[in-house]
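A short write-up of the structure that comes next.
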Amino acid sequence: MENEIAQVKATAAPEGSDRRLRRLRDRLGPLLRQVVLLPLVLISRAIDPVMRLIQAKAGTGGMIAVFLIPNMAIFGIFVIIPIILNFVYSFTGGAEILLDQRAWVGGQQYERLTDCQNYLDPLSCREDLFWRAAHNTFFFVLFQVSLMVSVSMITALILNRNMAGRGFFRAVFFFPVLLSPVVVGLIWRWILQREGLLNLIVTNFGAERVVWLNDRFYAFAAAIGVSTWAHMGFFTLILLAGLQAIPKDLYEAAEMDATPPARVFWRITLPLLGPNLAVVLVLALIRGVQIFDEAYVLTGGGPGTATMFMTQYIYEVGFASLLRNPGLAAAASILMGAVLVVLTLMQLGLSRRAEKARER
Amino acid sequence: MKKVFLGASVLALVAGTAAAQTQTPVRVMWYSDGVEGAVMADILSRFEAENPDINVILDNVAFQVIQEQLPVQLASGTGPDIARVTNLKAQADHWLDLRPYVADPAYWEANFGDRFDWMRPDGSDAIPGFMTQLTLVGGFANATLFEQAGIELPGPGASWDDWIEASRQVAEDQGLPAAFSIDRSGHRVAGPLAAYGETFIGDDGLPAPLSDDAMEFITRLVDWTGQGLMLPDTWVSAAGTTYRAAADDFTNALIPFYYSGSWQVANLSTKIGDAFDWVATGSPCGPVGCTGMAGGAGLVGIRYTQNPEAVARVMDYLASEEVVREFTERTLFLPAHAGIVAEGGLNFQSDDPNVPPALSRFVEASGETLPATDALPAWRWANSVYGALVTRISQAMAGELTLEQARALIDRDIADQVEAAR
Amino acid sequence: MSTILTFLTRRRGHGGRWHWTDVASWVWLIGGTVLMFGPALWLISSSLKDPAQLAEFPPTLLPYVQQTAAVEGHDTPLPLFTVTMEDGSTRDLAQVRRIGANAQMVDPGDPDAQISVRIADRTPVRDVGIAHGNYTDPFLHFDFFVYLRNSVFVTFFATILTLFTNSMAAFALSKYRFRGRDAVLLVIVGTLMVPLSVILVPLYSVVSRVGLLDSLWGVILPTIATPTGVFLLRQYMLTIPDDLLEAARMDHASEWQIYWRIILPLTAPALAVLAIFSVVWRWNDFLWPLVVLSRRELYTLQIGLNTYAGELNVQWHYILSMTVVTMIPVVLVFVFLQRFITTGIAGAGVK
């Protein structure tokens, strides 16, 4: 996996820049660097002897530990332990929040979650809302990932062309990635509401006003569209880097043979983009399954439960709702985690295979 | 020179910390729906001036923090010293019994005693705190819209059907998107359900299955939404137990009738201003009565405080008759202080001619509540019932469930909560 | 001039003709620009409207304010309306007050004669203008500078610590062979897929046990050991040739010096990307600070914003304006550093 990501590395040459600006940069750069680095130099003077001592006492192995411990300690306390606790929670029952006050119930929560007559009909399940969330998440991921990959692909192909303002447009599509999910949800809720911008446009074309977020179809489409809007810039960049890493002479050769563009795409571009595409696909899948903040702010899960996704279900049951049940939420999150692990293994498998194919 | 300066600043630092050490800190977690945060800050700064040994820190938080974070803090034995809470009964174990600390327990009993059962475990004689205000669920009508449409406002004793029909005519005449809306909250619909005959509490004190009477109103509510009479934005466009108010739709004159509660008076007054005339209507009637739900927010001491004496002094001050009176007059809330209610003569601070009649209509309506609703604030399972009602009724409105399915699921959700607490 | 022209019209095909794909590309790019920036611009425009205007339909593209006129005999300026009279003519009148469905109006030029008008027959006279109160009020009531300080504190220290701890771990994981290395890596990558909202309750109890509740460090510490950062830096460090390290060891450099003097400077581009992302993530964090912080003096900007959502009402006009304010640093990052990100992120491959 590491190789392919290293391979994704951009080789983009700096684009034509202003000469005067460069001169200013050349003059200011070293000065600025010295000012910024001064505290670092001082720190390093102080640390060096200590580290030397540790290395002398504990050897290189000790130094590995020194490098790893700060990160892994924090990681262990704030990520691993909560995950383990979560696992324990899923075997307890009751409404109490703290683990030591909760009763052990064994696999009851899992039984309750998976108690279904027909998995395709949420209403036949003991926990109908869990299955509704599962269905919604499944369809969301299916459509959102397809849309995300195709839109990012098209944009990357266009940005890979030799045209004016490429740097500008590349930045344009990246802009929403920097916004917080809450702001993204807020902006679009504001546009899609009854008195919003979209209805202004729609009525200008003579159509009737629609309360978009009250309609099952439109609300679902909005959740898909908005999350694509917010993240496509990121995936576009990964694909673009892959496109730029494809040797130019391949295209030149194809051009000399007068190969039709569609054939060039299927025979050269797509196969060579394989590893990047795999990264994009699996990352988009993982993020799709985790969808929460922007959809929650945008639709609140409505209309009805049409846009209630898995993470919202877990958050509501475990934390927010009047009908709180932390054990059930933990069990649901473990099940969701299992699905995510399968997706990760898929990522590893896919990239291994792509790597082998490339070596051949 | 330099040394003198250094010495002086060290001295100042020491003096500063010394002063801070002698002051007892008291943290108040407070949420605001209107101006009450500013009023409380003002009152507390006067308290601090009179009591220099106590440092009261007012944390204005979002309501969500009270609902979601405070319970977790309480469960882990932490939290502020005082908090303003609406979910009083279910968390009663965490409140501090002020009885040994307050100056005059008899004063508290006499003026707030009626509502102690809302906030203490069954059978206890604790003084956990006091209600900062009473609230009563009830309706508001846009009188100007009714006037423009040439429709009479339904009078006292008008039923839910009468009100919705009149609002429908107004909405049609004025080209409005809907006739009415109710806040997305189980607490709001509990009153109408009781007016149709639901009693909620079974003989064993546990939740009873939903009655046919309750289904009568729920059926109406779902039908009204289906016909586009009830604004779908509030209920349908959210999942789970999320709270949504329709106040903005009312202040923007999108709906002629709005069912919410007394706490909206100050908010409506500032938001609507001079744009139209509005009146409080009390609760429309069902076959059994014309009841809304009484409730309110309580200010309670937290058991885990380090300084119960200081907490009690702050509470004594805030619960004193003149402070309660001032708070009530400035916030336009209904008072929960028996002495003030009996005495009357509150001088509500508002230039808005719509406000005084609205407040007196709510005071009047508070005499019309049914025993079934009066029992709910002191009932442990009320929140479970509210949560299940909201979740499932909105699913029925969105067409995901039939009414029968919704009924079965409401009963099951509530039973799950009872089961989980065993 | 001509060079600009040729630059602008440079495209795929040979010769001077436009290929249809050129047209399609431009349509896509320009449409994309409108779609990407439009919503943010709409947010800014909306944030300058007063509450009444926000509720209006159809909404106007630009913010307007109602005109007022000083009328003799009235202490405060009166709002101006255009009134359609019974004979169909229109007049600009000032409103004295509204009673039920009628309004009492006066002509500012003739303040004595009161005219009664049905409210449906009048429309406010407005000019383009901004409701600056949306921005100034929160600065007065809302502890803006306290929240700003907290946000900056969290963002700064979280980013510094992220860079340090992640780069050290990445160095160990990329340049040494030791038992359990792959297991450590797998665990780190595995946690990439655990969303915070899922482990909220256990994480909360851990933070509460450690005593970091209601402390900015409680917000900072759990976020710094980002699997993303370790992964990104490790991938980059793998591309640094091991010969460099060997040469340094020959010169008796300590392991620490290798990390500090050789690896870190060479990893600068990846560190820059991580730094930028860390700044943006920590600045935008919402759910976790909301859970940890319940004291006003510790609120970050994003949490402060949330206090405008009370039990009853959402004060949209303030939320919109404060959203714009919190977006400013992100936009600055975008304007000045986007080239770093857009070229560097591709090198990372993984967020």
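The first chain written gets the first letter, and so on, giving A, B and C; residue counts start at 1 in each chain.
Everything that follows uses one rule, which is that a contact is a pair of C-beta atoms (placed from the backbone, for glycine too) under 8 Å apart; a residue touches a chain by one contact, two chains touch by 3 or more.
Worth saying up front: this structure is predicted, and the values here are computed from it rather than measured.
*Asks:* If you average the CA coordinates per chain, which chain's centre is most distant from that of subunit C?
*Replies:* B
*Asks:* Could you quickly compare B-C and A-C and let me know which has more C-beta contacts?
*Replies:* Taking the two pairs in turn, the one with more contacts turns out to be A-C.
*Asks:* By C-alpha centroid distance to the whole-protein centroid, which chain wins?
*Replies:* C
*Asks:* Please tell me the distance, in whole Å, between the geometric centres of subunit A and subunit B computed from their C-alpha atoms.
*Replies:* Here the centre of subunit B sits 40 Å away from the centre of subunit A.
*Asks:* I'd like to verify one number: the distance from the centre of subunit B to the centre of subunit C, where each centre is the average of its C-alpha atoms, in whole angstrom.
*Replies:* Taking the mean C-alpha position of each chain, the two centres sit 33 Å apart.
*Asks:* Please work out the Cα centroid separation of subunit A and subunit C, and write it as a whole number of Å.
*Replies:* Here the centre of subunit C sits 18 Å away from the centre of subunit A.
*Asks:* In subunit A, what residues contact two or more other chains?
*Replies:* Those would be 97-98, 194, 319.
*Asks:* Give the residues of subunit C that touch two or more other chains, as numbers and ranges in rising order.
*Replies:* 55, 201, 205
*Asks:* Find every residue in subunit B that makes contact with two or more other chains and list them.
*Replies:* Counting only residues that touch two or more other chains, subunit B contributes 68, 72, 76.
*Asks:* Please name which positions on subunit B make contact with subunit C in the complex.
*Replies:* Residues 27, 29, 31-34, 38, 57-65, 68-70, 72-73, 76, 78, 80, 86, 143-144, 147-148, 243, 245, 247-248, 251-252, 263-264, 267, 271, 274-277.
*Asks:* Okay, in this complex, where on subunit B does subunit A touch?
*Replies:* 67-68, 71-72, 75-76, 177, 186, 232-233, 236-242, 244, 254, 383-384, 386-388, 390-391, 394-395, 397-401, 405, 409, 413, 416-417, 420-422
*Asks:* With touch defined as at the start, can you tell me which subunit C residues reach subunit A in the complex?
*Replies:* Residues in contact with subunit A: 7-12, 21-22, 25, 28-29, 32-33, 35-37, 39-40, 42-43, 46, 54-59, 164-166, 168-169, 171-173, 176, 178, 184, 187-195, 197-203, 205-207, 210, 221-222, 224-225, 227, 230, 234-236, 238-239, 254-257, 259-261, 280, 283-287, 302, 319-320, 323, 326-327, 330, 333-334, 338-339, 341-351.
*Asks:* Quick one: which bits of subunit C touch subunit B in the complex? Just the residue numbers, please.
*Replies:* 51-52, 55, 97-98, 100-101, 119-120, 141, 201, 204-205, 208, 213, 290-291, 294-296, 306-307, 309-314, 316
*Asks:* Which of the residues in subunit A come into contact with subunit C in the complex?
*Replies:* Of all residues in subunit A, those touching subunit C are 2, 4-6, 8-10, 12, 44, 47-48, 51-52, 55, 60-61, 63-64, 66-68, 70-72, 74-75, 77-83, 85-86, 89, 97-99, 154-155, 158, 161-165, 167, 169-176, 178-183, 186-188, 190-191, 194-197, 199-200, 203, 209, 229, 233-234, 237-238, 240-241, 261, 276, 279, 283, 286, 290, 292-293, 311, 314-315, 318-319, 326, 329-330, 333, 336-337, 340-341, 343-344.
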